[in-house]
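Right, one structure below, let's go through it.
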Amino acid sequence: MKKNKSMLLIAWLLVLPALVIRGFTIIYPIFATFKISFYKVSLLRGINEFVGLQNYLDVFKDPKVLTAIQFTFIFVVVSMLLHIIFGVILALILNMDFKGRRFLRTIVLIPWAMPMVVIGMAAKWGFNNDYGLVNDFIRRFFANFELSWLIHTNTARFAVIAMDVWKDLPFFAILVLAGLQFIPNELYEAARVDGATKVQAFLKITLPLIMKNILILSIPFTMWRLASFDIVYAMTSGGPGSDTELIAYRITTEVFTNLNLGYGATLAVLLFIAMLIFSSLNLYVANKK
Amino acid sequence: MKKNNYLLILVSITLLLFGLSFSISAADYDLTLYSILTTDPDFSDWLNDVETATGLKINVIAAPTNSDTRQQKVTTILSSGDSSIDILELNDEMASSFKNSGWLAPLQAQVLTADILKYFPDGYVSDMITSRQGDIIGVPGYSGYLAFWVDQQKLDKYGFDSIDNKEDFIAFAKAASVDGNYGYGGSWERTYVFNEIATFVNLFGGDYFDWTNPANKEAIQFMYDMVHKWQVTPIEQLADKYEQLNQKFIDGKYAMIFMWGTGAEYRAANRYGQDQIHMAMMPEFKTRSIFTDSWSYVLNSASKNKEAAYKFLRYVAGEQGMLSAWDNFDRFPARSDVAKEIPENEITKMYQRYSEECIVRGRPMAPQTMEFITQMGTIFQQAMQDKITIDEFCQQAQSFVEQYK
Amino acid sequence: MLKSKQKLFLTGVFKWIIALLVAFLILFPLYWIFISSITPSGELFQRPINYLPENPTLSNYIFLLKNVGLMNKIISTVIIIGITLIVSTIVSIMAAYAFARYNSLGLNIAFLFILFSMLIPNVVTARPLYDFMRKVDLYDTYPGLIILYISQVIPFTVLILRNFVNNIPISIEEAAAIDGANFFQMIFNIVLPLLKPAIATVAITNFIICLNEFFIPLFYANNIQVLSTAITQLPLQGNMYSVPWDLVSAMGWIIILPIIIFVAVFEKQIMDGIMAGGVKA
């Protein structure tokens, strides 16, 4: 590492533009959000008064928020589990040595590159009982199948999670695949010589080696999930009832629709703190392994 | 040398793009209009009419047509004092939310003077677009009804002439609920369903803002019975917005629905007509009442082009403006004197009857309208899915009324 | 011998079956959206779905081309993304190089700041940022939007590029310094050429991210409109409250078609980039 003073100056000059641009769009809003979270601001009623921690206390009595927290939790956990399980499987498929490999890798990139809003709007129709793709497909095998996915709590939640996995799983798998290639081939050969089957080789060699990789990968993917609102925004608008409201969607509703700026800011601060704790925890576990 | 060339190319591309961005934004306008109609094929004709008649040069910005997004955009623009937009179009939900906020300029002195005002529907103006201080903050762009639509083929098939009262309604609903079809269809998505809740509350003679009124409970019970007891309407419609409802109606899955508009969807699908899908008189349960709606043009208080804006608003409130909206967008004139001028057809006739024979009301709105609507929709869906009882629904509804009104 | 050949053949078939299954799960929904967009509205809602429309029509596309002002949206999208890519790449290379090659407490804190700022979801800062942008007169302007776009892609770009710079042995630079190359010569003649694949990857990835960006153009602009938000502006049907599926699907395809082409063309670069810059255990 280079270390004299003029060098350090150059380093700061190089870093400066990125810092300034990033800081410009981040610093003020963060402080403003934090400050306003101690106020009761309802623009529609012309209220703007300091209320201390009242907003923070109200959060835990608000059934809408509690439902949103509950579903956000389910959404993140289930979606991440599916990501990890199917992500590894898909990564293995993408790693298969055969002629269609390029073709498959190209296709797998498509959902990742698509805008969530388009996917969500299409999914709203896709899960429609009468005109949707999903039930049409199922009916080719079970002719009398009838189910309106988006009106029952559990199926609506399942549909939202399924769309989320459909879009992001391929990208996750590719990143897992990136880790797979760092495993030296000699290890497998050694295992083969020792008479291990493919499944044994996978469990004994591959899995332990990519585990840390997966844990680190899970950090941004979990963050994205915690902060995601566009899928619900375009697909269910939080229905049925408020059963598919994610916390980030709740925040947009409070801030932009209901104009309860203070309360929305409180939720935003809490979400941020949750993400901070979670990512630190995750990093800690990953580093310990 | 080669590297320098790369740099040169990059710099020139950047400059070019910047140049392009300035050349685009360099136009001059008298007025900026935030409109949801820009993607209508006849929009340019309408704009042409406006510009010729007023001599204004209008900058049009396309507003989101998707309701959540539009609500959020408009709310943000108005609440922040953004002056880059002068005129906006607001639906009833937003107009009644914002009328007391001071974000909308009063229009009674410059635009809706007494001599014009008398032609607009009284109840609507006072309920929806008059603030607590008595300022009128919007010019209704049209007059619409949440009309009763029936499928004539089904009426004929099951031997009904017309649906005049509750008994007819139930009997027809039951008769038409065969072969996987349903007698009644609704759009019970949580932000849409309040139209129907309020319609039934009105038909039963209740009061949407008083859930201790037994008639309200009767209305909810009626909706519940339609789903569970008589099975004349599907629970699946909890996910349906108007797109899905209309499609199912067109496909013959439903025999009667309540719907806004003048039937453009049915015409597009070749299902419109006196022998097919058409508007009918509202049935009389305890009362014969009907909701009216509109989108109003409003003036942003922060606007710096107020004079031009008045000119524009005077035009849309005038006879010429109303007729142009009818020609280009099929928007039924909000002014009773202008409504008489358009050639008579089955729609104008039915609208005439609605206004004479029904109790016409504006929809029940509260200051925090969207929050109120969503809350009511949420508990309604829970009640229909047996997660709460009808009594619990009424209790919670009453607490929401007190909270949001 | 024959047995192992048979086995090889069978695994080959097996691999293809799995691959086609995956391809089907991804492509079929897209195909369904596509046929929805070219089926005339009268035929659109059929049960079961007719996957080969009898009278395909481009009327939805023609309608959109005529009425949605696509050309303006494409131009502003190109302007915003073009400048964003150029500026963000340059800025990020500089920062990434500095973070990789120099070390001090202050720089480490700065790096952590950029990294952790990734954690802040857009919705959290949206409303204050909106007020801020208006206060500094950048709301609804190209510079304003471009700054927001650049800021959006900086953290990830810096992170990836820093990994790449770390992989370049520092001895190459030291050798050049001994040969008398000054700082700029070293950067332009040695570091940048080695970073070329990484830059390509980052630029391609950022291009897609910017193309998909929905929140920024929606909330921080009125006059300037880009392609991704066009889907919120489809015409309402007669009742003023509903948006038709045939137009949604057509608009959806207008938005995703360039993305699909782009991905198909640059598959190798994207893949290589993710592979090389991705997380290493």
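As written, the chain order gives the labels A, B and C, with residue 1 at the start of each chain.
One rule holds in what follows: a residue touches a chain if its C-beta (ideal position, glycine included) is under 8 Å from a C-beta of that chain, and two chains touch if they have at least 3 such contacts.
Here is each chain with its UniProt name: A, C = Multiple sugar transport system permease protein; B = Multiple sugar transport system substrate-binding protein.
The structure presented is a predicted model; accordingly, all values stated were derived computationally and were not measured.
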Required minimum of steps from subunit A to subunit C, each step between chains that touch: 1
Top chain pair, ranked by number of contacting C-beta pairs: A-C
Longest centre-to-centre distance from subunit C, chain (CA-based): B
Distance between the centres, which are taken as Cα means, of subunit C and subunit A, whole angstrom: 16
Distance from the mean Cα position of subunit C to that of subunit B, given in whole angstrom: 36
Contacts with two or more other chains, residues of subunit A listed in rising order: 130-131, 252, 256
Interface hub residues of subunit B, defined as touching at least two other chains: 72, 76, 247, 251
Subunit C, residues touching no fewer than two other chains: 45, 127, 131, 231-232, 245
Contact footprint of subunit B on subunit C as seen in their complex: 41-42, 45, 63, 66-69, 72, 75-76, 78-79, 82-83, 86-87, 90, 127, 130-131, 134, 139-142, 188-189, 192, 218-219, 222-225, 229, 231-245
Complex contact set, residues of subunit B against subunit C: 3, 10, 13-14, 17-18, 20-21, 24-25, 34, 36-41, 43, 59, 61-67, 69-70, 72-73, 76-77, 80, 82, 84-85, 91, 144, 192, 241-243, 246-247, 250-251, 259-265, 268-270, 295, 330
Interfacial residue positions of subunit A with respect to subunit C in the complex: 1-3, 7-8, 10-12, 14-15, 17-19, 21-26, 28-30, 32-33, 36, 90, 93, 96, 98, 100, 102-111, 113-118, 121-122, 125-126, 130-131, 133, 136, 139-140, 166, 170, 174-175, 177-179, 181-182, 209-210, 212-213, 216-217, 220, 223, 226-227, 229-230, 248, 251-252, 255-256, 261, 264-265, 268-269, 271-272, 275-276, 279
Interface residues, subunit B side, partner subunit A - complex: 68, 71-72, 75-76, 79, 97-98, 101-102, 189-191, 235-236, 238-239, 244, 247-248, 251, 253, 367-368, 370-371, 378-379, 381-382, 385, 387
Subunit A partner contacts - residues on subunit C that touch it in the complex: 12, 15-16, 18-19, 22-23, 25-30, 32-33, 36, 45, 47-49, 91-92, 94-95, 97-99, 101-104, 106-107, 110, 113-114, 116-129, 131-132, 147-148, 150-151, 154-155, 158, 183, 208, 211-212, 214-215, 228, 231-232, 245, 248-249, 251-252, 255-256, 259-260, 262-264, 267, 270-271, 274-276, 278-281
